[in-house]
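Have a look at these structures, which come just after this line.
Here come two complexes built around chain A, the first alongside chain B, the second alongside chain C.
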Partner chain A sequence: MYSKKRSDSRKKVASIVSVILLLLSWYAGSTRITDNQSGMVEQLLIKGDGLNQIDDRLYEGSIANNLSPVEYIGLGSGIGYGGMTEVAVTVSLLGDIQRIAVLSSKDTSSYLDKVIQSNLMEKLLGQNIKSSFDIDGVSGATVSTNALTEAIKRAADPVSMELFGINRVENEKSSSHFRWLDLMAIAMFMMAILVNKTRHQQKSMFNWAMLLTSMCVFGFYSSSLFSSSTMGILISGAWLSGLGNYTSIILLSMVILYIIATNKNVYCNTLCPFGATQECLAKLGNTKTISLTSGVFEWFPRGLLLVTLCLGLYYRNPASFSYEPFGIMFGMIGSMYLFVLTAITVVTSLVVKRPWCRTLCPMNPMTDFIRFNRQWIKSIFKKR
Partner chain B sequence: MFPQSTLLDPLFWMVLGAIQVLVFTGASQWAKEYQLGMNWWKWAIVGFWWLSFILTIAGAFTLLGENEGNAGWYVLGFVGTLLVIGGAAILKVLVLLKPNPQ
Partner chain C sequence: MRKKLLFVFYIVSAMIVCVHLGLRVNYLTQLEASNTPLFVATYSDNATGPQARVKDSINYKEWAEKYEDQTK
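Entry: the complex of A and B
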């Protein structure tokens, strides 16, 4: 009894400290020295040695003692995985693209690196802004590719208007970013609730069907399962300015709302693609369910998630801070460290049931946090 | 694996070769002990799997020795992991196809 009270007190303190740390990270991030945009843009000058701002998206480069501009620099943005990707384009007086630079991006660095290494931007150099520059997508980094492409087109737009009087880019409605995958996420979540509630004889078979479908659709097909970076995007509000892919945010939001409403988590056992992968591997091997009673396995993932979210809030780039092996597992994109973690998790899944879920998965700390606070708030209202 | 060392490099490959001997001599005994009822096509599958596995390890460590660190680790991690899973699947199939003890 006494140890439970002590444990509850510890959890209350941890819960309050977590919220304070997140708020402090948010505040500290806002006081950081923000990028000096005009300073960065000035470095994109080729012929000119001075920069004149015409409007918030257009600069002209000029030479001293010469009133006529020698080049133009346009700024544009596209909606990527974690938020806005901003790009600057240097254009000659004839309309030829001479230089492209990414000013800022909120996408995961591995995906952005993959797009840049595909020489997407190099292919555009020398092209005229009057032509329609269609760019091939980069497999496995579609959202980041689309964001960069859109940003480059929008950056060329004010220059095109200034030089040729042509307005190319139509304003895209944010609703066009919603796709069939988002509807699928909502439908599958509803089905997961039904499967968990049913007492049908074939409940186990239905559950397996859901897991396998989720693994194929949200895992291998679209890699749109949520992670700690999605949690960071949600709490930072970055999704308000638009996202290239809403599926993971929609899934996460539904999971959180359902836990708040019913105290139940239907995602892990019925929908999680990585959980499904581990279950499939467990069927292959002679797996044992091990119980990890040490407090380290309880508190370390909590601390890890808190640090990840704080860093994402501080740097205003949650998509860059994640530690899950999902990107490697379903898209073969990620750092060497995540690659090693994925290999270890996959091989261990042949021997131990769901090793990732039982150790580092951020879902457990998030669920524990919501459930604990829900219970705490309920008890406060009950006392009153 | 250790191109800069005249001692460790041959030792490494000798150890790998010695493991092969142990595996070849022990596999038949192991299959008999677990009554797997091995025949020619089962041995062919197991042999193909073992050959793939040993080539992956040899290839990965050769790349590491050639200062192609990333390539070596990726071969070991990606192909190696797939082969471990494949091995588990083959073992599962062999156990399922065990002849009934009479």
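Entry: the complex of A and C
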């Protein structure tokens, strides 16, 4: 009884401290942001040695003692997985693209790297801004490809307007971000609630059907399962300015709301694509359910998630601090370290049931945090 | 035995994740300090392929105009 009380008070302190740390990281991040864009743009001049700003999105480069411009630099942005990707394009007076630079990106770095390695930018160099840019998507990084091409088009637009009086982007119809995958996420979540509530004899089979569908659709097909970076995007409010893919945010929001409303987590056992992969591997091997009970093993993932979220808020780039093996598992995209992590998770899954879920998965700390605070707030209201 | 394996998995995973996050912080800090774009692609006059041919024809046109101006 005494031990339970002590544990509860420790959790209360940790809960308050973590909220304060998140707010402090957010504040520290806002004081850190400096307007260094014009300094970066100056480095993109080719013929000119001086830079004049015409408006927010257009600069002209000129040579000393010569008033007429020798080139133009346009700025544009596109919406990627984690937020805006900002691009600058240097264009000659004839309208040829001479230089393309990615100034900043809130996408997961490994996805952006994949797009850059596909030579997408090099293919556009030398093209005239009057012609239409036909760009093939990069398999596995479609959202990042779309963000980059959209940003390049938008960067070329003010130059096109200045040189030829053509405003192409405004004439193009903006496409809706709400896709069939978002509807599928909502439908699958509703079905997961039903599967968890039913007392049907075939409940286990329904559960397996849900897991396999989710693994195929949200895992291998779209890689849109949520992670610590999605949690960062949600709490930072980056989604308010637009995202290339809302599916993971929708899934996460529904999971959080359902835990708040019912104290139950239907995602891990019925919907998680990575959980499904581990379950499939468990079927192949001879596995047993094992848990590490010491307090250190419980508190370390909580600290890890808190640090990740704080870093995401401080750098205003939550997608950069994703540490799960999901990207490698479902798209072979990620750092070498995450590749090793995925490999050892796959091997361990053949012997121990769901090793990632029982150790470092950020879903457990998040669920614990919501459940504890829900209970705490409920007890405060009961006392009153 | 399985518990030991899970323990080893936990320790190794935690180390990998910490190194990964440390490298990310280091990369972002250095990037901010350098104040340079993430990536720059520049058109090269020596490039081969169809783009280079388009570029060459424009260069020729520019050169011809300049030549005409000079010889007037």
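Just so we're on the same page, the second predicted complex is superposed on the first by the 377 of 384 C-alpha atoms of A that agree within 3 Å, B and C clash if a C-alpha of one lies under 4 Å from a C-alpha of the other, contacts with A are read in each partner's own complex, and residues count from 1 in each chain.
Assume a contact is a pair of C-beta atoms (placed from the backbone, for glycine too) under 8 Å apart; a residue touches a chain by one contact, two chains touch by 3 or more.
What you see is a predicted model; the values in this text were computed from it and never measured.
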Which of chain B and chain C A:T198 touches, first, second, both or neither: neither
Touched partner set for A:V340, first chain B, second chain C, both or neither: both
Which superposed partner A:L281 touches (first chain B, second chain C, both, neither): first
Comparing the two partners chain B and chain C, which touches a greater set of residues in chain A: C
Partner chain in contact with A:S105 - chain B first, chain C second, else both or neither: second
Which superposed partner A:S379 touches (first chain B, second chain C, both, neither): neither
Partner chain in contact with A:Y323 - chain B first, chain C second, else both or neither: second
Partner chain(s) touched by A:N167 [first = chain B, second = chain C, both, neither]: neither
Contact residues common to both interfaces of chain A (with chain B and with chain C): 340
In the complex with chain B, residue positions of chain A that touch it: 281, 284-285, 332, 336, 339-340, 342-343, 346-347, 350
Residues of chain C that touch chain A when the two form their complex: 2-3, 5-7, 9-10, 12-14, 16-17, 19-21, 23-25, 27-28, 35-43, 47, 51-52, 54-55, 58, 62
Residue numbers on chain B that touch chain A, as the complex places them: 70, 73-74, 77-78, 80-81, 84-85, 88-89, 92
Chain A - residues contacting chain C, complex: 36, 39-40, 43-44, 46, 88, 94, 96-105, 109, 112, 116, 121-122, 125-128, 288, 290, 292, 297, 300, 304, 307-308, 311, 315, 317, 320-321, 323, 335, 337-338, 340-341, 344-345, 348, 351-352, 355-356, 358-360
